[in-house]
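Each of the two complexes below includes chain A, the first together with chain B, the second together with chain C.
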Partner chain A sequence: MEAGRSPNIEILTNATLHSVEGKPGAFNALVHQEPRYIDEDKCTACGMCKMYCPRPVADFYNESLAVIHAPRIDYPQAIPSAYYIDPKACLRVNYETCNLCAQTCTAGAIDFSQKPKDVELNVGAVILAPGFGKIDNQVLSRFGYGRFPDVVTSYEIERLTCASGPSEGHVIRLSDGRAPKKIAFLQCVGSRDETCGNGYCSSVCCMYAFKEAAIIKEHEPEVDITFFFMDVRTQGKGFDEARKRAESKYSFRVVRARVPRVEQVDGKLGLVWVDEEGTSRNELFDMVVLSVGLEAPEDAHIISAAAGCELNHYEFAKTSVQNPLTTTRPGIFTAGAFQGPKDVPESVTQASGVAALASELLADARGTRTVTLTYPEEDRTLLEEEPRIGVFVCHCGVNIAGVVDVKAVRDYAATLPNVVLYDDVLYSCSQDALKGIAQKIKNNRLNRVVIAACSPRTHEPLFQDTLKSVGVNPALFEMANVRDQCAWVHAHEPEAATQKSKDLVRMAVAKARLLTPLESQTVGVNPRALVIGGGGAGMTAALSVAEQGYECLIVEKNDVLGGNLARLKWTADGQDAPRILKEMIDRVRKHPKIKVLLGAKLESVSGYVGNFVSTVKVKEKVQTIEHGVILVATGAKEYRPKSYLYGENDRVMTQLELEERLAKGKTSLKNISNVVMIQCVGSRGDDMQHCSRLCCTQAVRNALKVKELKPDANVFVLYRDMRTYGFHEDLYSAARRKGINFIRYDLENRPEVLKNKASGLTVRFFDKLLGDTLDLDADLAVLSVGVEPTDNTGLSKLLKAPLTQDGFFLEAHAKLRPVEVAVDGIYLCGLAHGPKSLDETVAQAKAAAAKAVIPLAKGRVSVTPLVSHVDQGVCIGCGLCESLCPYKAIELVKVDKRKKAQTITASCKGCGICASHCPTLAISMGGFTDEAIFAQIHAFAQQEQEVR
Partner chain B sequence: MSQTNEMSNDIKGFDPKILGFFCHWCCYAAADSAGVARYQYPPNIRTIRVMCTGRLDFRFVLEAFRCGVDGVFTGG
Partner chain C sequence: MADKSGSVLILGGGIAGIQSAMDLAELGYYVYLVEKKASIGGVMAKLDKTFPTNDCAI
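Coming up: the complex of A and B.
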């Protein structure tokens, strides 16, 4: 949506990259574009063409579960919001017959004269983000897909559970259309499977399976759902917690086994598997869902040939841990699933990360070809008239209309005072609907707009922009939240929900009548960044900000740079970690735009985005620093266990300690023949609740290193779930091939580390296959201790940046704003955000730098107009407001020798404490005046029939 | 005993009108999240969004009761 609205983003659809010539900063890209046969500028997305098209085709967007016609739009929110014609199906394109759609299109948008064309683009950088491909149906057919109709893919379930999907959200069996009572989810289909060429883990399927299952249960609470996992890999931030919640709330059954065999047994599906005790089991299910993995895009080879960059052995883009977003060709970057299987938060993070890389490369050209959006001047004459209110009620597909009688609410709005226009809209946020709303505002000279739809928290800016586009002040807008706080929470009470919607619309209209225009102010930005923390994340972020052209100050509490990176010996892809660190430190030290303060502590922070003032204490001396943005990269620490004889016996060590030892070479393993590693020490319900994400890969890599240095050593890894997600799975496979033993344990049956008489150690654990407790002699017991957050409470208070339950910093939105903090101008990266590997840290630090540079590059930030205003004629200068204001946003000034209160607009957060306490009612709040709130209260109290 | 029954009958038929003052940043956001999670609760509340419950003037609460509401809910 935002991409579609930005004047600086041009979207070429139906396009493929043919070649890229030239060098970084000056590429010449040749793009081939197939025709849409519908002019996207003329198309209004009315859908008339599809109604008249005689050619039925399977809807591939809906996994061919629905039938549509040759002219199509994939989904209502699609950008561009215009139809296109499927050239394979269209009679006119293939046989020169028909032409019905062209005759019915009133906009004259259908144009069969369009020809394929080649477009030449002069660009500075190229970003490859083609996403992922689908696993071949042949692989799926091994699990019954295509042979038995009730074996479906996770993609199909995704469509079936979608309210606007082919079955309107009902999960049905494709064989008989009945609701299944018992569903099995099979994990690792097309992933972790060398027989189909995909030895890697797809990283996302475990979590999406839980999500899909939870949605199924929401729709059909009676369904029994069973999962078949090899390992439960929900290593993402907060994922384990969400999974555990879902498991208990919906009584999911989790079976640990290799992917079962699927057979059709009468009208049901018979699953056969071997359980952890080695017993063969079988059971009947009504439906089987294949959790299909993510594959490299089908045309990966074509893309790599066109872009001139290499692929890895799984045909994803080839990158490294040190430069995770850079392809093998300079100036060509990659993000998202093409870089490796990953979920939405990580893809969004990487997308910001590549933006930073492109911005670094093109820093000199900044602003040279930017298009600035201009709005028409506000029509002041509008406000001379009585309020002319337009009310638009949104269906949100079936989200609202499935519960609330939208048309009744719309008609009710017509009876309210000053409402001159009322309408209902299918998706009010879709681009064509916004265009329609803008047109109606203009044609009817509306000077107030009410939209009854979702939440103003997410959609108010979008609608306000629509007002601005037709010269109406954005403050003349009010929303009634009839989706999130009505239709969704009263799903089983349609009448009451409709009544509530009417009431909310009445209250919104009452407020709208009293709205007044507000001026938005902008303030200048101090173009410097403050980076807190000088580890891998902080240095990467600082280097990126500096390369993008802005000054940076790193505040590091220790006397050296490096953080946890300084303890790493080699990366997951086998690179020399100390060399990476040294290069990083050298670049930081030499960069003219970066300053470093060592042994420094942040003491205070005041101000707001664009204009922060902080004090930093360096060796008893306090310095004051002015800066525009803050990047939090304070890292985390290695957890220190109190169990497993750690600290009591020098044969018990952490993975990092082992790594340090192994770095010394073969002698480090002298007299060592048995090494036992224990995973999840401290993590996942031990001392800490979270999964530390990186320890499985770390353990496997160290285990391989032990084998490399001493091939006859025995290595045992006691684990709960091996979470070597993504390409790390290769290491896990290699480890098993080398004879490293992996033995699973449960939280209830933790291994024990005991001293034995022979001055060695004994590790005692329960072996499920043998059903017995076993003792292993261990020369070394290595604990995978995980990542513990540093005590962030002080910094959290200083920055007003909230923490998660686990003690890491909380991002503003997990998917949409993964590197921003809720407070404007503060960004987040590295271990301070949560456990992650070095490549993920680098990508995230780049992302945070990209976001931080936005206000720096713009040079100005706009201040919300929702601030307090003191009527100094009424103010008695008592100072109550000044003392109450939590943001230091009110000061007392002398006006004609009398004290008067005055708002510091840029600091004001619009909370309104001042207004609600002012004894003379001298303070009014922008957008939330006393009058408006009283009007809402009175409207609330009114009964429907009392209106008019 | 009979008195208790009467009372519980009263409560059964009681369909209160509740007015909510929700803070934009927390309670209003939480109410949205409740929607996203499809939590179901009785449809008796109507909400006025404020940028902070600090905005809540006691006059608003009194006016609400004067106008006949049965309860005022504030979350912030």
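Coming up: the complex of A and C.
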């Protein structure tokens, strides 16, 4: 959405990359562009062309579950918000017949004279983010897809459960249109399957399957849902918790089996599988959902040839653990699913990370090509008039209009005082609708605008920008949330929901009447970064900030740099970890823009984004540091178990301890023939609730190392779910081929480590296949102990940056702001955010560096105008506000020998705690004055008739 | 230095491409976002809700 509004992002649609010539910093890229046949600038997305088109075709956006026409827009919020003509379907393009659409288009936007063209672009860097491809239908047909209509893919379920999708949110069987009662989800379709060439794990299907199933249950509570998993791979931050909640809330059944094929039996679908006890089972279902994996894009070869970079053996972009976002050609980077299968938070993280890489490369040319957006000056004469309020009621497709009578709400708005314009809009956030709203504001000289739609949390800035574009102060805007807080929650009571929408609109109008313009301010930025922690994450982030041209100070509590990276011997792709560390430390040490404080502790932090002042204690000496941003990279530690004889018997060790031992070579395994590894020690409901994410891959890699050093050694891995996601699955497959034994255990039957008489160890576990407890002799018992957060409470308080229940730092938004914390100017990376592997840490550290450099590069930060204001004539200087403010944004100052409160505008978040507690009502909130709020409350109490 | 360009080409207008484009624009670079299809958004625009918070994908 925002991308469509930036003046520095030029979108070229229907376009493909043909070639990239030149060198890093100065490439010449050739882009081929097919015509849209509809002029983007002229099209108003009115849809008239579509209505007159005589040519129906299948809608690919809706997984061919609906019918559309040759002129089309993919979805109402699409960017560019203009129609285009599908040349394959269009009669005019193919046969020179029919010209109906061009004749009906009142905007004159349809232009059949458009020709394909080649565009030459001079760019400093190229980023490849083409996403992923679809699993071939041939693979799906093994599960009956294409033959049995009630076998559907997860993509089809996404569209079926969507309220604006082809079935308006109802999950139906495609064979008879009836609601299914029993649904089976088959996992790993097209993933972890070497027969179809995809040996890797797609990393996202477990999560989306749970999500889709939960949404189905919300729509149809009676339906029974069964999942067929090999391993449940919900290793992401907070994902295990979400899965467990979903499992118990919706009583999902989880079967651990891979179903080989699907048969149709009497209009139902028959599944046959072998359970964990070795028994063959069969059952009938009404619907089968295939959780299809991610594949390399179909055009991966074309992209790699055009960009001149290599692909890996699965045809994704070839990268390394050390440089996960760099392709084999310098200056050409990659992010997202093309780099390897991954979910949204990780794609977003990589996307920011890759921005940092391009920014490092092109630091010298920063700002040479950009343009700044200017707004017309505010029309101050508008406010001399009485409030002239415009009310726009949004349909949000069927999200609101499916429940609320939008037209009735619109007409009701017309009866309210000071409302001079009222209208309803299909999607108020679409670009064409915004243009229309802007025009209406201007033409009707509106000086207050109310939009009844979704949440200001997501859409207020967008609408405020529309006001600004026509010279209206953005504070003269109010939203009524008739979607999230009305249509969605009262989906079964349309009449009451319509009434509530009217109430909300009446309240919003009452408040809008009293809104006053607010000035937004900007403050300067100190162009230095403070990095807390000198491990792999901290050093990577600092190097990136420095390469982007800004000074950096690393504060490390230990006397050496390196953190946990110093204990790693080799990476998942077999690289020498100590060498990577040494190179990193050398670069940090030599970089003129980086300073390092060792044995240092952060004592205090004050200030706000752009202007922080911190004190750091180094060997009893306290230094004061001024800086603009903070990067938190404090890492985590290896968990220390209190069980399994750890610390009592030197044959019991952690994976990292085994790694240190194996690094010594063959002698380290002298007299060792049986190695037993135990997964999830400390993690996933043991001492800690979270999954530590990296231990499965670590165990498999170490198991392979044992086999490499001593091929006749026996290695057993006792696990709960093997979570070797992504390309790590290759290591798991290799381990099984090498004869390493993997045995699953449940939380109720944890393995035990016991001393035996022969000075060795016995590992006792429950074998499901035999249904009995077995004893294994072990020369070494290796515990996969997981990642424990360091005690972050002190730092959390210092920074006012919240922690998760597990004790890691909490990001501002799990999907869209994965490396920022809620406090502006503070960024997050590495193990302090949650367990992750080295490549993920590197990508995240780069991402944090990109985000941190944004305010440094801008040189100024703008402060939200929604801040508190103290009427010092009324203030009695009691100091209650200062003690309550969670952002250190209000302080007591001396005014004429008396103490008075004063807001530090740049720190203020506009939360209103001070205003609500002030005993003399001396504090008012910008945009939320007492007067306006009271008016809103009074309006709530008014009945509809009274207003009339 | 005049020999480096202050612009970046991003191939792919999905969630990754869009995020990169927005960050680079904020960092002071001009971005060409090259998309194969007629609109940006990629696969995420097809998703109804996202795991685990069920936030609206659009």
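Keep in mind that, in the parts below, the second predicted complex is superposed on the first by the 894 of 948 C-alpha atoms of A that agree within 3 Å, B and C clash if a C-alpha of one lies under 4 Å from a C-alpha of the other, contacts with A are read in each partner's own complex, and residues count from 1 in each chain.
The criterion applied here is as follows: a contact is a pair of C-beta atoms (placed from the backbone, for glycine too) under 8 Å apart; a residue touches a chain by one contact, two chains touch by 3 or more.
Bear in mind the structure is a predicted one, so any value in this text is a computation, not a measurement.
Trainee: Tell me the contact category for A:122 with respect to chain B and chain C: first, second, both or neither.
Mentor: A:122 sits against chain C, while chain B stays out of touch.
Trainee: Touching A:335, do we find chain B (first), chain C (second), both, or neither?
Mentor: Second partner only, chain C.
Trainee: Could you say whether A:758 touches chain B, chain C, both of them, or neither, answering first, second, both or neither?
Mentor: In the superposition, A:758 touches no partner, neither chain B nor chain C.
Trainee: Output check: A:866 vs chain B and chain C. Expected answer is one of first, second, both, neither. What do you get?
Mentor: After superposing on A, A:866 lies in contact with chain B but is clear of chain C.
Trainee: Just chain B (first), just chain C (second), both, or neither: which does A:507 touch?
Mentor: The answer is first: A:507 touches chain B but not chain C.
Trainee: Quick one: classify A:456 as touching chain B (first), chain C (second), both or neither.
Mentor: In the superposition, A:456 contacts chain B only.
Trainee: Give the label of whichever partner, chain B or chain C, reaches more residues of chain A.
Mentor: Of the two chains, more chain A residues are contacted by C.
Trainee: Taking the superposition on A as described, I'd like to know which of chain B and chain C A:911 touches: first, second, both or neither.
Mentor: first
Trainee: So which positions on chain A get touched by both chain B and chain C?
Mentor: Touching chain B in the first complex and chain C in the second, residues 458 of chain A appear in both lists.
Trainee: If we count contacts the way the header does, which residues on chain C are in touch with chain A in the complex?
Mentor: Result: residues 1, 3-56, 58 of chain C touch chain A.
Trainee: Residue numbers of chain B touching chain A in their complex, please.
Mentor: Residue list for chain B touching chain A: 17, 19, 24-25, 28-29, 31-32, 34-36, 38-41, 43, 46-52, 54-60, 63-64, 67-69.
Trainee: Sort out for me which residues of chain A touch chain B in the complex.
Mentor: Checking each residue of chain A against chain B gives 218, 455-458, 481, 483-486, 488-493, 496-497, 499-500, 503-504, 507, 822, 866, 886, 909-913, 915-916, 925, 927-928, 930, 933-934, 936-938, 940-941.
Trainee: Where on chain A does chain C make contact in their complex?
Mentor: Touch residues, chain A against chain C: 1-4, 6, 8-17, 25-27, 29, 31, 36, 61, 73-75, 77-80, 84, 121-132, 155, 158-159, 161-163, 165, 207-208, 210-211, 214-215, 238-239, 241-243, 246, 299, 303, 307, 335-338, 343-344, 347-348, 350-352, 354-355, 358-359, 361-362, 364-371, 458, 548, 814-815, 850-851, 853-854, 857-858.
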